[in-house]
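Dropping a structure here in structure tokens format, bear with me for questions.
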Amino acid sequence: MKKIGVLTSGGDSPGMNAAVRAVVRKGIYHGIEVAGVYYGYQGLIEGNIKDLQAGDVGDIIQRGGTKLYSARCDEFRTDEGQWKAIEQMKKNGLEGLVVIGGDGSYRGAMALTKKGFPSIGVPGTIDNDIPGTDYTIGFDTALNTVIEAIDKIRDTATSHERTFIIEVMGRDAGDLALWAGLAGGAETILIPEDPFDIDDMLERLESGRKRGKKHSIIIVAEGVMSGGELAELISGKTNVETRVSVLGHIQRGGTPTARDRVLGSLFGARAVEVLLEGKGGLAIGMKNHQVVDYDMTTAFEKEHDADMSLYKLSKELSI
Amino acid sequence: MKKIGVLTSGGDSPGMNAAVRAVVRKGIYHGIEVAGVYYGYQGLIEGNIKDLQAGDVGDIIQRGGTKLYSARCDEFRTDEGQWKAIEQMKKNGLEGLVVIGGDGSYRGAMALTKKGFPSIGVPGTIDNDIPGTDYTIGFDTALNTVIEAIDKIRDTATSHERTFIIEVMGRDAGDLALWAGLAGGAETILIPEDPFDIDDMLERLESGRKRGKKHSIIIVAEGVMSGGELAELISGKTNVETRVSVLGHIQRGGTPTARDRVLGSLFGARAVEVLLEGKGGLAIGMKNHQVVDYDMTTAFEKEHDADMSLYKLSKELSI
Amino acid sequence: MKKIGVLTSGGDSPGMNAAVRAVVRKGIYHGIEVAGVYYGYQGLIEGNIKDLQAGDVGDIIQRGGTKLYSARCDEFRTDEGQWKAIEQMKKNGLEGLVVIGGDGSYRGAMALTKKGFPSIGVPGTIDNDIPGTDYTIGFDTALNTVIEAIDKIRDTATSHERTFIIEVMGRDAGDLALWAGLAGGAETILIPEDPFDIDDMLERLESGRKRGKKHSIIIVAEGVMSGGELAELISGKTNVETRVSVLGHIQRGGTPTARDRVLGSLFGARAVEVLLEGKGGLAIGMKNHQVVDYDMTTAFEKEHDADMSLYKLSKELSI
Amino acid sequence: MKKIGVLTSGGDSPGMNAAVRAVVRKGIYHGIEVAGVYYGYQGLIEGNIKDLQAGDVGDIIQRGGTKLYSARCDEFRTDEGQWKAIEQMKKNGLEGLVVIGGDGSYRGAMALTKKGFPSIGVPGTIDNDIPGTDYTIGFDTALNTVIEAIDKIRDTATSHERTFIIEVMGRDAGDLALWAGLAGGAETILIPEDPFDIDDMLERLESGRKRGKKHSIIIVAEGVMSGGELAELISGKTNVETRVSVLGHIQRGGTPTARDRVLGSLFGARAVEVLLEGKGGLAIGMKNHQVVDYDMTTAFEKEHDADMSLYKLSKELSI
């Protein structure tokens, strides 16, 4: 293998740049060339591919977003689009590809591998929802962004003795809500993995109030319902007045935390090693405190499990 | 004067605690006693008043929110409520009152002064909308919270080449939108002080696009319209797809910036001096780089002016 | 078991308060009483012990430092001091103790256990140097504090094309230097676990310079040598002018990160469970992504290993 | 005037990039061309000058340091060097120059103006020590960096009841120490503008201790003495044990605050206007809440005054 490519795809997440830097420099360290593919699979099809030197990825480890840009690409979902991409890569001398993104991005990498072009998936998403890895790049930063927001909102909740509903990202996965709720000292956490029980929630609010709790924070993952819907539900059943805060897009950005930079570095480097070993169709991850590579299909077939012990602990500690 | 009280009222703002600390310690420094009134005017009526020592306001200068709590109080709008409050203050030996809050809170202080109880207003609100002072306590912190959010959102806007609408606080005053838009490098800023011109805005977006600008940030003060309404307006007239982020309550909280702590300290201390001089019905402010006191009615009768030179400059620099 | 105590000892670390909160609330959840011991072992001997309710540990999860205070205590190293402590605990009805601190603090817990008073160790130190656990409470926060400092210093290093030496904490353990160096994109990392080779370091600086690298960041753990000593060594052997920054005590403080709050919560809760099972002399930790408890002597007898794969990777990526 | 240049000189300060952006875009807005001079006066002599478009200064308003780099240049202090610089500027078609930096940098701008090349000074330094302006670009960011450090150190000071000495930048000017000390709630502030009185300081420490104050923070500007020297002085006269933290270079870097970005934008834009009016030898500043321009010699002849009312207030409030 003499030359490989790297792209970022799907929603951006903090730490992606650390992974890009690691792919480029680890490749150069092993004596191969590395090219950056701009705008994800769209750029792959269009041949938006440029050689990168060590210096080109200097001063990016601390930046949010992705220096390679990202884009949606419907064409790449077709066989024709995938063959175009392979053609472009061959034209540029690439023999392997590292794809940094979520499970949607992995499907593209799998399709390329099946067509004979070895591709490796690196988990870059704030949702932490990729089966086979305990952590994804960007989750830790998003989590800290959320708890900073909770800390700020708590100032007002405490000062005015109010109940706040904070809606966080997470369509199918409750990790962000769960960790943030535990770390933020939230009274109630609602996640997609647990059936929503309005009565249980209201009972918790009520019993907290009886114990003298004068303010309350409820974290709801967007996959359960929107913050606004929850507020209506509550006001329909009680006289508790709530305020809603939808954290939205700030959760995707920002300077990556140390951990996301380290994770991005470890994962990007391992992806290069795996390609150099002549493998494709693998995903990189962290499992039981070890960097691992595993069959990418695991990421599609298994289900991501939220750590329900955190959920249980949160309930015990928010008394 | 032997003893004074201090309360916080209305929405909380970062730096209120610095002002409370300054009132307490400046009073003690001049040999008088100081009592804290809890839960704003509600607490005043109910006699929720406690003596404070220098140590009681230690370790609070860096905290968001207000250690004296805040609350709404309809009863205080009545003559009867105001007389109750004065009675409670006399019972507690108070001879003057410092009220930290927005212009709504000032009306209460004015009413007390007119009834013979000297009260001073200290401007504590993130909106920076009190006539007679260039800055209010909390504005600088809220502003920095907003630009941190803009910086985060720009990561995604840049990575995906998207147009983002960011809705910030400001029902009647555009200061937060204006300063944040200029400091955040926003392409467009919409403030209540300037009539909204959809065509001008769309033209700016379009001309930016023609010059090769691939992402765009629009800041809209809530007083103009909601971010969602703006997104609909834009999608109804163009094929530009926008994303909306409503910053909401995070703007009120957080560790105060250095400036808000200094402002709170200066204002709280001056309020005590003014009371010691036997005055009431005055508001404290910063005017032309000087701490000033002025007739509180100015805060009701004059209009707050946004700094339209910032508005003009922002348009010139966002080319 | 009807009542237990909790104390913090040794240097403070961010997240200790989350652990204290977890001990108190987990205990209450299981129907037992919990008392806080103030000022570490010193307070234990003096009987500075107070019952804590759930509300007493509210609003502390986000605070740095320790609400139970810490102190040195020579007397507790003696048999007599330890018996005094046990007497005080019995007087207060305590039947078990949770000690949050570093390995020095563990020795005290071990001594109490050996004298028949079951005590559990929870790892609270920024150094991440306790054998038997992959992470300690406070390490993640300290790490992020260090990389924020590196990011700031890099602004100047880049603008002026200078070489900076940044001295970080770590007398015997290089974890902080190692992780921060990798996450901060440092060119060189010096840790106590690897013999210092001045020539290798100078060669790296020189070869970077030849490749066009115009600024450089060197991270040195205090256990290797001071930043000032290193600067002298370099200026004695080359004409490279360096600037030194000693991060010092800022590394111990600050709002804990999400991870340190979660870790503190998990560890504090497990410590209570272990005591309720009638055990003593155990340490709590995180091993291979699982919360574990293990014989406390492990923490004394084994050596903490830095993750040398990070060290190797850092060298490969800083080309 | 058809084309102007802009350079940054001396120590970098956060917000310089906002000023560079404003110069470039304001110039373009008025229909002239703008070139960036790289590496300060050194680059001016060497002709390291490149045309800048609006897009070249996009995405830099939020970056610390200076994208134009900075450097020392002894040659420029000579007449010959200055003539070389003018020659280079003429060769590149420049007719005016904006210099962003401290008073040392202003001397260069003055020399160029005297030789017939109109140059304008924009105050970019964290020291806030330029006569004629109330604020310099970078001061607000440095100030907030310092109080974040104080907040962190206070966690440990409080937890261990210790006395901390924090050394901050400021060789001749005490503004940073003064504002940070007031905003950080320091017990004692030592600035170059006030003769150091060891006995007064020790008395304050002692009386605080008697009132029950168990920890204490002393801020010392480097111009008074080093933190280490102060610690020795104290330990030589009392049995108070102190810890020293030297904040150092982190004070220069970091994402600029909103205020420094606004200041940079206002100042850069005004500098262009002044050049377009055909003027030279002026400095830009903020005076009494207004952007002003004034004879640059003021910056050399007058003395910067620290705001001693803050000093007095700090003493009153730290009781």
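Letters A, B, C and D mark the chains as written, and numbering starts fresh at 1 in each.
Rule of thumb we're sticking to: a contact is a pair of C-beta atoms (placed from the backbone, for glycine too) under 8 Å apart; a residue touches a chain by one contact, two chains touch by 3 or more.
Just so it is clear, the structure is predicted and the values come from calculations on it, not from any experiment.
Participant: What is the set of chains touching both subunit B and subunit D?
Facilitator: Touching subunit B as well as subunit D, we find no chain at all.
Participant: From subunit B, how many touching-chain steps at minimum until you land on subunit C?
Facilitator: 2
Participant: Copies subunit A and subunit C touch; is their interface built from the same residue numbers (over half shared) or different ones?
Facilitator: same
Participant: If I superpose subunit C onto subunit D using their CA atoms, what angle of rotation comes out, to the nearest 5 degrees?
Facilitator: When the C-alpha atoms are superposed, subunit C turns by 180 degrees onto subunit D.
Participant: What whole-number Å value describes the gap between the mean CA coordinates of subunit A and subunit B?
Facilitator: 35
Participant: What whole-Å value do you get for the distance between subunit A and subunit C if each is reduced to the mean of its CA atoms?
Facilitator: 28
Participant: Averaging over Cα atoms per chain, report the distance between subunit A and subunit D in Å.
Facilitator: Centre separation, subunit A to subunit D: 39 Å.
Participant: Hey, what residues on subunit B touch two or more of the other chains?
Facilitator: Touching at least two other chains: 151, 154, 158.
Participant: Each pair of chains that touch: what are they?
Facilitator: So the chains that touch one another pair up as A-B, A-C, B-D, C-D.
Participant: What part of subunit D is in contact with subunit B in the complex they form?
Facilitator: Residues 18, 21-22, 25-26, 28-29, 54-55, 58-59, 61-62, 134, 140, 143-144, 146-147, 151, 154, 158, 179-180, 182-185, 211-213, 255, 257-259, 261-262, 265-266, 269, 287-290, 310, 313, 316-319 of subunit D touch subunit B in their complex.
Participant: Mind listing the subunit A positions that touch subunit B in their complex?
Facilitator: Interface residues on subunit A, with respect to subunit B: 8, 11-12, 14, 63-66, 69-71, 145, 149, 151-156, 158-161, 164, 243-250, 252-254.
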